[in-house]
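Encoded as structure tokens, here's the structure I'll be asking about.
Letters A, B, C and D mark the chains as written, and numbering starts fresh at 1 in each.
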């Protein structure tokens, strides 16, 4: 039997359950005892200040601390408060974390989970609003996860914590704050990496949408349905590994591909999927791929400007129509 | 030398202005008229105003995210701030920065998003002043929490190595977001770290405007005279919560109580009244004037125009046709 | 009348000439007085230690220093010794340098040039061998330049130094060390951003190759010519802005597109070009796009393993043949 | 307490081994037999060996890029090093790390590429020891140039804040690549920076093996007893150039001359002979033995197998099917 819980609750439960299950799991980050957006709130009560470890503000260094701890027997769950700050920790993440297993010839596993809040639309402007998943897709050795539902948030975060590979989990602020709710089982479960979910079946076009954009895509799909356009909506759930099979099976059926992400367009996840389409799955397409994404513009604080920046239901609808 | 009466009144007025703007911001939020979150510096006004008071217009100021103190202190006007805060195209940055204020005319670079990213940028502006042989000083105003950010270290190191005209002004308000500083660093004081680079430092009371002003004045003089960087740490207390949406619950009531007794505006007013530099009537008038000034600035800004779709794609590159 | 000079000399001349021309130009970085690979060698003699400024090792901070100096009247040319270390400075570069013009509403120009050595094949292994251009293509506000010849190295670096936009110049170690020589004019010239060069005309397939890969592409082209396959080789010269016109005019003629870069494949420059092909230029292609790039693997120190990693003439030849 | 004769001989032997391996490396390069560049630590052997001498096997060592000193000191054997250096599949890391040595069995994490990236990683290993209540100490051995890297600061801060079992061992060899330290920081000493975090420190002669050993032993004891981090700075001189391809020309001849008089191996040998702990004949035999050991290690490694195409794509993820 399922329960209906919020996205926030799902994240919190995943951490609490894994901390109960395995004493080597602990959370750390800036103000994790309070919980910046509440994801880690309350853990300190049950697990104490050492396993809910507040850190100073120094993102590259706390990433290194988590990495070192992970190499010697612990399983840290590190929170980087805003994904914009991931950029401070790029050397640790891309050059060290993702590479040391390989360059040590497999001597070290680094079982670390990094959770970070992405996304705009809540008027935080420059510096606190970006979706930088695509900044990490070029780095080898990382697993990248972007859950859109409470079910996936819990199941994927649990998989992340149990994984011996470094995993980065992108949590959209609108999902955390906005109180998306959904069903999760009473009993324990995990969601494996690399399996996309088909959120809506359809035959006219394939929309692949990540994280929060999933909801915009579903809204677009139902509006399009009113016009008799039957869109298939796929939620990849993990960016690396990417479930190419589910995506391109769908494209085989529809002949049309629209990618949707909140990050910027150039070199984005959509670029990679479009490139796969035109290299590995060349014959499937009946129309140009449409990439719905943010433009190559910084995010302004002005609500008017932020609204111009964000991809949304309407831009998805326009993109779908361009393929028909 | 004691400050002149005019100077003290000016500083007092600026402190009132800062508090009034921030209270107005809180009120607008409470009334649901705006959504823009605020990080208020209530109780810290003697630091932000004392630190910026001795600066010349050509001096370069890096300020913090905490309220409008140092920006008012450096000369920004409330209407400009509000137009920017509200994301209007009449704002200092056409609404693109909002809380991240910048003012080229006042030599205020930009309020950074990734805290601490500007440690080294400030060293760079000081390097420019030195290489161009101007006598500008850069004042880097920073929260003590941000002193734990990595770049604090190379910034101090390079500033000392190259003897740059820069003042590191540390506002120790006891908090970094929702935790006490004791969870962020093992020592009570930050400024002694400067000694590791041979940078002289001083630690002063942050509640008394004359003290903060004079300590900063001395530091600026040192930096301007070519002797290299100087560090001042101001001890104060953040009476507000971290930001307007902060649920609170982590501040010890006894701390609030104790520090409330030394509110910088109260302290200054008392002194002004005691020394008969102003009368109670003049004081009341000042408050009323300032309140009206702020109200008018807000209303004017609220009715300004939003940025356009054209504004959206300008200011990315200077070179045409790249975007 | 032209002179034949090395790639290294070209870079050095560009800096010396611009420093002579404009007193606000200066070079800075770790050991620039000696010159890590010699690019800045000798400048200290003519311009003194202040305008050839040695810095401590702290890449994020020296990037910030250069940025601050650039905002207040100077034109720094910052050397980041190895492009791998760019990852230490990602916050300054992507979140600050590329964005402050915009978020200050155009109040500040930041005329800074960052030069950095990329590339492998010289047995430096992990940490000193990567080509990370594609890590920067997602950031707004930057210009990215990758010269392959002495002529372009000099002309593009001069453009970079004169530009009021932040420019990053990628210099391949094999070009610097290996002594590629070429003609440059006696007289002053610059090479503008956004203009690709067609290095070899051809009608059967379009090969777009960046930087050092240009030479591998040209070798591949001449070997293919022996088999009667006539390849067009394009050197984009700048990654941002990208000369889409020249590239896709060529694809219009050949119907075949092969992208070649030394960086890793996922989310690489090739992905972006392939995505453009399948979105903006859908009808031009007669065959799947081929992306020649490094795999999603760290770079090992072992020569045997490094050779498996590197894209080269042979992988280009195979890729071209797959399109025919 | 003085070191036992056995201990001193062991340390002396290790110093000889280090110098011999590095000289062999230089020779192989000169003969064109290998291409692998080297960063030699000639003249610094009393630091690398003295620093690692007091470590237990379970203690965690972060070493530097400069030669093989600390790795020999912690127990790596020459053959393992050479197989890795030469990129063979029999290497410690199957040839994937080469100069970036790592040894899980010896608790040596990995020699980092971006200098300073491991400051905080070392804090992390010490945190793990503390949380797991082992009594391991982490020894972070680092060049003074790398002490200017940003993360030195938050690393020291967190280590002190959390009272972690870590020793910061700074090897001040007067250079950072091709420049003297005076171009990198304004002070002569690095260790006093530790005082800013309340970390105790000591500055010692780096040429005398007993001094370096004992200072480190004391620091390790402090850290192991739960008193938190300790910092030791060892003053030495890099007699080699930065790396095997360094053109040189920037080292003052008088510095070389002066420091050559205090070569750590000479100093130690002199003491051993004077105190009759070894005889000249025994000493000669030791050198010869070591030379042979190293030559054999190199030849054995040279004939090992290269990694395969299968090796190329393993060790990236544990999870199957991701790559």
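One rule holds for everything that comes next: a contact is a pair of C-beta atoms (placed from the backbone, for glycine too) under 8 Å apart; a residue touches a chain by one contact, two chains touch by 3 or more.
In this text, all values refer to a predicted model and were calculated from it rather than measured experimentally.
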{"item": "Between the pairs A-D and A-B, the one where more C-beta pairs touch", "value": "A-D"}
{"item": "Identity of the chain that, by mean CA position, is farthest from subunit B", "value": "D"}
{"item": "Intercentroid distance (Cα basis), subunit D paired with subunit A, Å", "value": "41"}
{"item": "Approximate Å spacing (C-alpha centroids) for the pair subunit A, subunit C", "value": "31"}
{"item": "Length of the line joining the C-alpha centres of subunit C and subunit D, rounded to whole Å", "value": "36"}
{"item": "Of all residues in subunit B, the ones touching two or more other chains", "value": "91, 94-97, 100, 112-114, 117, 148-151, 153-154, 157, 161, 183-185, 316"}
{"item": "Where subunit C touches two or more other chains at once, by residue number", "value": "56, 58, 60-61, 84-85, 87-88, 91, 95, 102-103, 125-127, 140-141, 240, 296-298, 300-301"}
{"item": "Residues of subunit A touching subunit C in the complex", "value": "60, 84-85, 87-88, 90-91, 94-95, 98-99, 102-103, 125-127, 132, 134-135, 137-138, 140-141, 240, 263-264, 266-272, 274-275, 277-280, 282, 285, 287-291, 296-298, 300-301"}
{"item": "In the complex, subunit B residues that touch subunit C", "value": "60, 91-97, 100, 102-104, 109-110, 112-114, 117-129, 131-132, 150-151, 153-155, 157-158, 161, 314-319, 321-322"}
{"item": "Subunit B to subunit D touching residues, read off their complex", "value": "148-154, 157, 160-161, 183-187, 192-193, 195-198"}
{"item": "Residues of subunit C that touch subunit B when the two form their complex", "value": "24, 26, 50, 55-56, 58, 60-74, 91-92, 95-96, 100-109, 140-141, 143, 163-165, 193-194, 240-241"}
{"item": "Subunit C partner contacts - residues on subunit D that touch it in the complex", "value": "35-37, 87-88, 91, 94-100, 112-117, 145-146, 148-150, 176-179, 183-185, 250, 306-307, 309, 311-313, 316, 323"}
